[in-house]
Amino acid sequence: MARIKTIGVMTSGGDAPGMNAAIRAVTRAGICKGFNIKGIYRGYDGLINDEIRDFTTENVSGIIMLGGTILKTARSKEFQTPEGRQKAYDNMMKHGIDALVVIGGNGSLTGAKIFAEEFDVCCIGLPGTVDNDLYGTDSTIGYNTTLNTIMECVDRIRDTAQSHERIFFVEVMGRDAGFLAQNSAIACGAEAAIIPEDSTDVDQLARFMERGIRKSKKSCIVIVSESPKCGALYYAERVRKEFPDYDVRVSILGHLQRGGRPTAHDRILASRTGVGAIDAIMQGQRNVMIGVRNNEIVYVPFSDAIRSDKPFDKKLITVLDELSI
Amino acid sequence: MARIKTIGVMTSGGDAPGMNAAIRAVTRAGICKGFNIKGIYRGYDGLINDEIRDFTTENVSGIIMLGGTILKTARSKEFQTPEGRQKAYDNMMKHGIDALVVIGGNGSLTGAKIFAEEFDVCCIGLPGTVDNDLYGTDSTIGYNTTLNTIMECVDRIRDTAQSHERIFFVEVMGRDAGFLAQNSAIACGAEAAIIPEDSTDVDQLARFMERGIRKSKKSCIVIVSESPKCGALYYAERVRKEFPDYDVRVSILGHLQRGGRPTAHDRILASRTGVGAIDAIMQGQRNVMIGVRNNEIVYVPFSDAIRSDKPFDKKLITVLDELSI
Amino acid sequence: MARIKTIGVMTSGGDAPGMNAAIRAVTRAGICKGFNIKGIYRGYDGLINDEIRDFTTENVSGIIMLGGTILKTARSKEFQTPEGRQKAYDNMMKHGIDALVVIGGNGSLTGAKIFAEEFDVCCIGLPGTVDNDLYGTDSTIGYNTTLNTIMECVDRIRDTAQSHERIFFVEVMGRDAGFLAQNSAIACGAEAAIIPEDSTDVDQLARFMERGIRKSKKSCIVIVSESPKCGALYYAERVRKEFPDYDVRVSILGHLQRGGRPTAHDRILASRTGVGAIDAIMQGQRNVMIGVRNNEIVYVPFSDAIRSDKPFDKKLITVLDELSI
Amino acid sequence: MARIKTIGVMTSGGDAPGMNAAIRAVTRAGICKGFNIKGIYRGYDGLINDEIRDFTTENVSGIIMLGGTILKTARSKEFQTPEGRQKAYDNMMKHGIDALVVIGGNGSLTGAKIFAEEFDVCCIGLPGTVDNDLYGTDSTIGYNTTLNTIMECVDRIRDTAQSHERIFFVEVMGRDAGFLAQNSAIACGAEAAIIPEDSTDVDQLARFMERGIRKSKKSCIVIVSESPKCGALYYAERVRKEFPDYDVRVSILGHLQRGGRPTAHDRILASRTGVGAIDAIMQGQRNVMIGVRNNEIVYVPFSDAIRSDKPFDKKLITVLDELSI
């Protein structure tokens, strides 16, 4: 394998707070170590469509605290085709890019895995997603910020819930993972959380009913993980039917959960993993995601990172149960 | 009219940030001037159901920065009946309450007006609503906080809008008034605002199309004032039909707009009008809302305050138009 | 006077949140009306040193929510000399700048006044200062944001003050004006404010002692307006001497008061006055500051704007006194 | 050992955000498991002076999001004497308190250790300090909030630093530990951090000079860990002497770093360790601090927790160095 001289960096998939801090870290650490850095715009689409620019430290100046991504992002359909990936590879070669740093979530790293295998190129992933559903890293870039954003929103909703003595079902992001819902419920002092990891035999709503709602006229907040079928609207409707006396409301937080200035945690995580990506390249690593586990930088093979069974700490369910008595 | 010795204070209608600061101000200024203060819980319902407690300075300690209302609030149906109001009056007499300070919006002050006329009691209103739709005061308690909350939410949404190059329709509160929508649009640097005050001949959407959307691939944010028929979903659907290439999204901010810690403006407004309510009572005023106009305390007769034609500064439409080129 | 074609915009003096929103508004409204806009860097120094660039709408894109000023700012000593001003004028001519929009405080507008008179050029001022000490406008760009920043800091300090039952003297900005100190004291529920406007016969500290401190072991917060001689340290020392049993602490908020994302109020004020500056130029106005009084755009002659006797509402002192019982 | 029936909970030492969430968790989890809970006011002083009240779930309702501590806190001198501790023990017995949960930092847990050994009582510690200097837990309650508070303050200061092109030395808390300084420097994109863990041969200031300051006219931010001798003022003075052309400023953040609403991280950490304290008592654990290491609850013997050599990740120094090029 020839020595790597030029590194391309991109963001891909849903935007997450801290992606800019990660772009900055990759760029600065890369330049510090003597690499050329090229910014690729609009994710894999930009690689296919040749939207690539030389990056200096100036390009990433003053962005550590900005939400979103200055490189733009997209979910590329064309990259899912062999023709698209061939175009992407051709452009990579044209620009002399020897290695690719992809900042994104599950889908983006799956794309990186296929691309790396197909063309035998060096791809490094950074875990950039608010959902925290990447295996092998304790936390993903964006998760902590979104968790705090949700918490602040629910703090506001609680003011109204308590003043009007209402029951609120608040729907939050998470794709198929309950990290955001369960942890924000604990952080907000919510009465219950409805999450995909805990929908076994027991009807979660029934448990909530028995426990939470019997406090009669008091207000109550239930955090619901987004779900195509059983979101906040579904549960609100069921409670309204069974308990017609209650004033039941729904709040779907939606898109505002993604944006905003990153927290210290996400800026530091992005900075550390960004520096870690350059170190990994220098050590000859390839096709791994840079994670932080037990406060140490780890290299997670793509096939592990995208596993769908990231362990969920069931004890958090007990914590919420005991504290919402 | 006998000298007033005991004043009851309540919050009514939708909760608004700063209501607690107003309760505190009425209580402390009242006690400072030698009155007895009684807290009435759950608005007019609490007056009807006798949910009344003696208040000392301790009751309002440490609440100036809290959203919601420690007195709870409600929209009372029973108070709309003569029987309900009679019960309310009887409880007032039972507790020796000589004057009532009602913190609330249009409906609450309309209730106060009817009650005051019917039983010849002293009612003082404080403008407590996030919608800013009370006539005779430059601003209402809660409006400034909600304006900033909306702005912060849209700042977040913009991160995603720009990163993904999407068109967002963001629906905000305001009842029949466009204050929140128009001013938040200016504050956020939004491309357009759709407000009830400007739905004359011109189709607002068409104007937005011509002006905002022709910037092709760029992101775009349109603030839409809530409306039973023509909310954000309606406009998003129309744009999707006419411009199928655009990635159009909707965010309905909903309940989180009401809560949260009040801004300095709302805490000061609540403090000044709360002190003003006690001054007004001492001066023999009755059945007026305490407002602030041109930075001076004013007494606005209830019949004026609840007028539906609070002037909207059309120049703000020009400001937004010129700045979103 | 020839028709104005090209407008230069600069920020000058201490930075204030909202200055970027003002630069954006002047640039966009100017371009919308057909003017050329030139950005002048580092205030008057940049005019002297020829740091001038053409501005398009792109230059001011995405800056409405940023603190500080993208044009940088400085306090120019050279501009205080006739030679410096001559150089500034020569550069203005060289770049074809017909009118100057200066965003700044007292000193900056005084400079604009002298310059305008000396060379008979059109200067328009925008009130950009956190101190709110410009006459003729209800509020200055930056004041509302700084007021809220102070409030949030004192909210934090109160947590410690109450937990440890301490007396805190918190020093805030304001130059010779007590607007920030008095209003933040009301907004924070502080026990007292020490301001320049109220240091007549009465010893303010004595009043505070009698009133605030006799509540024995409770915590207490006093906001002190910055002052070369009698700042927070001075008062803390005096209290420590007279009341050795109290745990007295000082917090000088300092530079962090200036920065941060502007509030909705400041962004809207900056947007309105920025548009107003272009309107004023088109109407042939010159050598005025654009203010907002009673919610209307007003033109304030420089000589009025820089008057040192901006009226201070003494009733605010009563409000604080009554609410801190 | 007799079965434990009644648990006393207190906060001690400097207040930290999340202490209220910890009090709530101990109280609710304790009641959930059938214990009686008693709140002890003002730390060990309250135990000595018999300031003890029965706690129900109501006492801790609505406090999860509040900074400071509703139980007040203090640093007790009397508890450092055998007589003081005897009084404390006598009051414990008088109230039938079988176990003590102490939420506090190094000094408070040292006190708990001595007390536990002296009287053979069950003491459980929760790590409550903003400094993160307790061994055996990845993070302490309050640390994450303070880190974010510092970051937000420095974000503001940077606005001014960049606008005026100044060099700022910002002094932050940390006692003898550089966690806050180093991590906030990374999170803020500061140019350098001066911390106690890195004052070996190299003169840190010299390194900063060579690296940071040679960027001539640019602004620069250096985070300095508090220190009796070599704080921000000391370094600012030295730089002023050597580089008289630079505009060097100092900001000492001070007391505001302690307060404020806790972040999600701190609320969750407090909730988990609070529940963990009750679990530990039920398992017969005593004289341990409840920590979270590698996302698992751990029991750390007091003698370990108060060790002064909590490992500091030197790689963070490299991260900052590479990113501030």
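By letter and in written order, the chains are A, B, C and D; residue numbering begins at 1 in each of them.
Throughout what follows, a residue touches a chain if its C-beta (ideal position, glycine included) is under 8 Å from a C-beta of that chain, and two chains touch if they have at least 3 such contacts.
Please read all numbers here as calculations on a predicted model, not as lab measurements.
Engineer: Would you mind naming the chains that touch chain A and likewise touch chain B?
Structural biologist: For chain A paired with chain B, there are no chains in contact with each.
Engineer: Report the inter-centroid distance (CA atoms only) between chain B and chain C in whole Å.
Structural biologist: One centre to the other, that is 29 Å.
Engineer: How many angstrom lie between the centres of chain C and chain D, each centre taken as the mean Cα position?
Structural biologist: Distance between chain centres: 36 Å.
Engineer: Rounded to a whole Å, what is the gap between the Cα centroids of chain A and chain C?
Structural biologist: Computed value for the inter-centroid distance: 40 Å.
Engineer: Going through chain B residue by residue, note those that touch at least 2 other chains and give them in order.
Structural biologist: 155, 162
Engineer: Select the category (line, ring, star, complete, other) that matches the graph of chains linked by touching.
Structural biologist: Topology of touching chains reads as a ring, each chain with two neighbours.
Engineer: Name the touching chain pairs, would you?
Structural biologist: Result for touching pairs of chains: A-B, A-D, B-C, C-D.
Engineer: Under the stated contact criterion, what part of chain B meets chain C in this complex?
Structural biologist: Interface residues on chain B, with respect to chain C: 24-25, 28-29, 31-33, 57, 62, 64-65, 138, 144, 147-148, 151, 155, 162, 183-184, 186-189, 261, 263-265, 267-268, 271-272, 274-275, 293-295, 297, 313, 315-316, 318-319, 322-325.
Engineer: For a test of understanding, state which residues of chain C touch chain D in their complex under the given definition.
Structural biologist: Per the stated touch rule, the residues are 11, 15, 17, 19, 66-69, 72-74, 149, 153, 155-160, 162-165, 168, 249, 251-260.
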